[in-house]
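Look for chain A in each of the two complexes below; its partner is chain B in the first and chain C in the second.
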Partner chain A sequence: MEPILEVKKLRKNFKGFALKDISFTMEKGYIMGFIGPNGSGKSTTIKLILNLLRKDGGDIKVFGLDNVKHEIEIKNRIGFVFDENHYYEELTLAEMKKVVAPLYKNWDDRAFARYMADFNLPPHKKIKDLSKGMKMKYSLTVALSHHADLLIMDEPTSGLDPVVRSELLEILTDIIQDENKGVFLSTHITSDLEKIADYITFINDGQIIFSTSKDVLLDQHGLVKGGKDLLDQDIRKSFVYLKENEFGFEGLVKNRQQAKSLLAGQALIEKPTLEDIMLYYTRGL
Partner chain B sequence: MYHLILKDILVQKIMIMLSFVYIVFFYVVMQGAGLIILPMAITAVTYMLVITACAYDEKNKADVMLNSLPLKRLHIVLAKYLSVFIYLVICTVIYMVITILISLTGLPVKVYPVSLAGLAGGLFAVSLTTGIYFPFYFKFGYIKSKFLNLILFFTLYFGLTSSISFFYMNRDVAWVKNLSSFFQRLSDIQIFAFLVLLTMIILTVSFALSLKAYQSRDL
Partner chain C sequence: MKIIISNASNQPIYEQIVSQIKASILNGELLDANPLPSIRNLAKELQISVITTKRAYDELEREGFIVTVPGKGSYVATQNKELLHEKRLKIVEEKLAEAVSAAKFIQLSLEQLQEMLSLFYEEE
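Up next, the complex of A and B:
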C-alpha cells in the first residue's frame, strides 16, 4: 500500500536555520502528531509539503505523487488548517466560501451546509468577528467540505480553550474512522496527541529525532526517579537526559524494562507522558 | 481565476463605492485640466484599487492560504493582471454615470465625455504604473514595495505634467519638433493602436517578470 505522505531526505537552507535531510513516512488511516519546540522546523516542513517553500533537496510524495509535479491534483485532496487564520477577515463566511468552493473539484455544498450548522457558524458574519475557536472550525469546515483525504494542520489547537480543543479532537477521531484518510498535525500541546495520535514524529533543530508509533514510544521509555547513590557510569549512559539535584535524580530512559531490571525496588520507574519525552529529548541533544 | 478577481472585488466593496466619490472629486477639482480628467481619474482610481487589493492580501497573509488551495501560482499572478482591466472598466462606467448625472442636473461643472483618446491614455498610464509595480509586489510583497508605490504615484503626477511642460518649453528644439510632427501626422486610430501595442509590450514583459519572481518566492 502506498503511504499517504512520504518525506525523503528533505533539505531546506535558511540563514541561521536548516532542515537537514529529514525523512518520515505516514500510512493512511492514521493520525500523525508532529512535535518539536518552537523554531525546530515544524512549520517549514508543512510549508514544504504544501509547496509554499522551494526545497533545496529531497523528495516529498503525497498520495504517492510528487508534490510539485502533481500540485493541483494533490491540493484538491488536501485540507489545511493553520494556526493563524489566513482567510480574508473582511469577508463573510458565505462570501469566502463563494471564492474557495469553485476551486475544488470535489466541493460538496451539502457537506458545507451541514458542518456550518453543526459548528453553529453564522454564514453572514465577517471572519474578523469570529472567535479563535470559530475561525478554526471554519477552516475545518472548508477542509472537510471537499472531502479531503489528507488533513494537514499546523498548530490547530494553539490558543483554543479546552472545550473547543476536545471538540476538534473528537472530530479528528471521527474522520479517521475512514481508513483511506489521514491527519498530519503539528502541535506543541502534546497532551492532545496523547489522546488521538497513532504516530509521533519528533523534530528538533531541523532534524528528525524519531518517527514511531505513540504506543511503542510510551511503552518503551521510562521516567526514573531515585536517590543519587544509584547512579554509576553504566547507569548514567542509559539515560536520554538526567536531571540531578541534591536530593536525587529524575531522568528518561529509552528502555524501561532494562531500567526495571537494573534498578528494581530502588527507584521509581513510571510511564512517561509525551511531554516528558519531548522535554528530555530536547535537553539531552 | 475568475474567483480570485471576485475575491479582490469583495474585499474592497467599500473602496469601490468610494471610487464614485473620488471620481466626482477629480471631476470638480481638475476642471482646469480639461480632457486629461478622464485618463487621470481612471488611472488614479484603478491604481488605488489595485494597491488596495494587494494590501488586503498582505494583511491577511493570503499568499499562504491561496497557495494551499488547488491553484497554480500562474493563476494568482494572472488574476491580478486581469483585475486591472476589470477596475478600469468599473472606473470608466462610474465616470460615464457621473458625466451623465452632471449633464442631467445641470450643475455648473463642465463635462468631458468618455473619448477613445482619453481611454487609450488611461489604459496606457494604468498599464505602465501597474506594469512597473507588480513585479516588485510579487517579488517583495506589499510592505516592501510600498516605497516604490509612492515613487510611482508621484512620477505619474509630476512626471506627466513636467514632461508636458518640458515639451512645451522646448517646442522649437529639433528632435521635439520631429517627434511632435510625427505624432501630428498620425491619425487618432494610429495613436490608439500605437499605445495599445506599447501597453501590450509593457504588460507582457511585466507579467513574465512577476511570474518568475512569484514562482521562486518562499511564502
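Up next, the complex of A and C:
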C-alpha cells in the first residue's frame, strides 16, 4: 500500500520542548487519530507537515512527495481544518469563498454550493457571526470543495456539542468511501475516535509512544481491577501504570490474555477505552 | 439483513459482525450469490472503522461463508448444500449439548430430559 503521509525522524527544537525524531506512516483509505495530552506536540507536528514551521531534521512526505519541495502541489491536494478560525471574520461566507477559491487548482463551485446546502450554512452571514460548529463546517466545506485527497484536522471537535461532533464523524466516514482518500485528525476527545478511527498514533512529550491499528490496541490491552493482595512483584511489572487506593487497585496491562490467565476469577478484567489507554500511558511514562 | 453492534459487549465488534452475518446466511435470509454491502459502506453505516469491517469479511471468507471478487465486491458463497446442512446440524448439536449440561447441573435424568424434548418438539 502506498503511504499517503510519511513522517520520518522529524525533529523540532523549541525552548523547553522538542519533537524528538518522531516517525509514523499512514496508508490511504483510512482515518488516523493523532492523540496525546495538551502540549505533547500534536499541533507542532501538524504545522510541520503543512510547512508552517521549519523543521530541524527528518523527512515528511505527503502523497510520496517531499512536503517542502512540492509544497504547492501538495497543498492543492490537502484540506485542513484548524481548531481556531483562520478566515477573515468580517467577510461573509460567500465573499470568503471568492478569496480562497482562486488559490486552488481543482476548485469546484458546484461542490461548494452542495456542501453549503448540505451543512445548512448561510452564505450571506459574516464569519464572525457563525457558531463554532458552523465555522468548522465551513472549513470542511472549503476543504471538500477542492477535492482534497488528504484531510488534516487539528482538534476539529474541541468545543463542539455532541450533535455536531457526530455529524462530523459521519462526514469523515463518508469521505473515506473513496479508498484513495485519507483523514488525519488530532484530538484529545478520544471517544470520537473510539468508533471510526482505523489507526491511532499516540504522542506524549514530543515522542511517539505507539502508532497502530485501533482494534489491536483495544483488543490487546486490558483494564484490571482487584484487591491489593493480588499485587506481587511479577504482577506489578505487567502494568503500564497502576493506581492504588485504600480498597484496591486499577491498572492497565498490555496483554489482556495473559492477565486473564494469571488472574482469572480473582480480578475484574475489562476492555479499556482509548481514554483509559491514553491516561495510563501518560502517567506511566 | 440486520446488524446490531453493542459497544457494551465484551465480544470484539468484528466478531459481532461475523456472527450476525453468519446467522443471516444460515437461516436463509441471505441466499447464495447475494451481494453484501462493501467494506467501506458497512463501516460508514455502522459508524465503525474500515479495518474492523475488513477483518470481519476476511474471517467470513476464511470460513467459506462469503467470497470477495476484487474490484466487484463480496457475495454470499455458493454453499455446498450438504456442507450447509452439516453446519446447521452442528448448531443443533451445540445447543443440545448446552441443554444437556444445564440438565446435568440440576441432576435431571435422561428420561426426564427426553420427555421435555418431546414436549417441545411437538409444541412447535
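Observations
The rule we apply is simple: the second predicted complex is superposed on the first by the 284 of 285 C-alpha atoms of A that agree within 3 Å, B and C clash if a C-alpha of one lies under 4 Å from a C-alpha of the other, contacts with A are read in each partner's own complex, and residues count from 1 in each chain.
Keep in mind that, in the parts below, a contact is a pair of C-beta atoms (placed from the backbone, for glycine too) under 8 Å apart; a residue touches a chain by one contact, two chains touch by 3 or more.
Values in this document were obtained by computation on a predicted structure and should not be read as measured data.
Of the two partner chains placed by the overlay, only chain B lies in contact with A:102; chain C stays clear of it. Look at A:51: by the touch rule set out above, it reaches chain B but stays clear of chain C.
In the superposition on chain A, contact of A:71 is made with chain B only, not with chain C. By the touch criterion defined above, A:27 reaches neither chain B nor chain C.
Partner contacting the larger number of chain A residues, of chain B and chain C: B. When the two complexes are overlaid on their common chain A, residue A:91 makes contact with chain B while staying clear of chain C.
Contact with chain B, but none with chain C, is seen for A:82 once the two complexes are overlaid on the shared chain. Judged by the document's definition of touching, no chain A residue lies at the interface with chain B and also at the interface with chain C. Residues 29-31, 169-170, 173-174, 176-177, 179, 195-199, 213-215, 219, 270-271 of chain A touch chain C in their complex.
Here chain C touches chain A in the complex through residues 10, 12-14, 40-41, 43-44, 47-52, 55, going by the rule given at the top. Of all residues in chain A, only 47, 50-54, 71-73, 75-76, 78, 80, 82, 84, 86-91, 95, 98-100, 102-105 touch chain B in the complex they form. Of all residues in chain B, those touching chain A in their complex are 3-4, 6-7, 10-12, 56, 59-65, 67-72, 216, 218-219.
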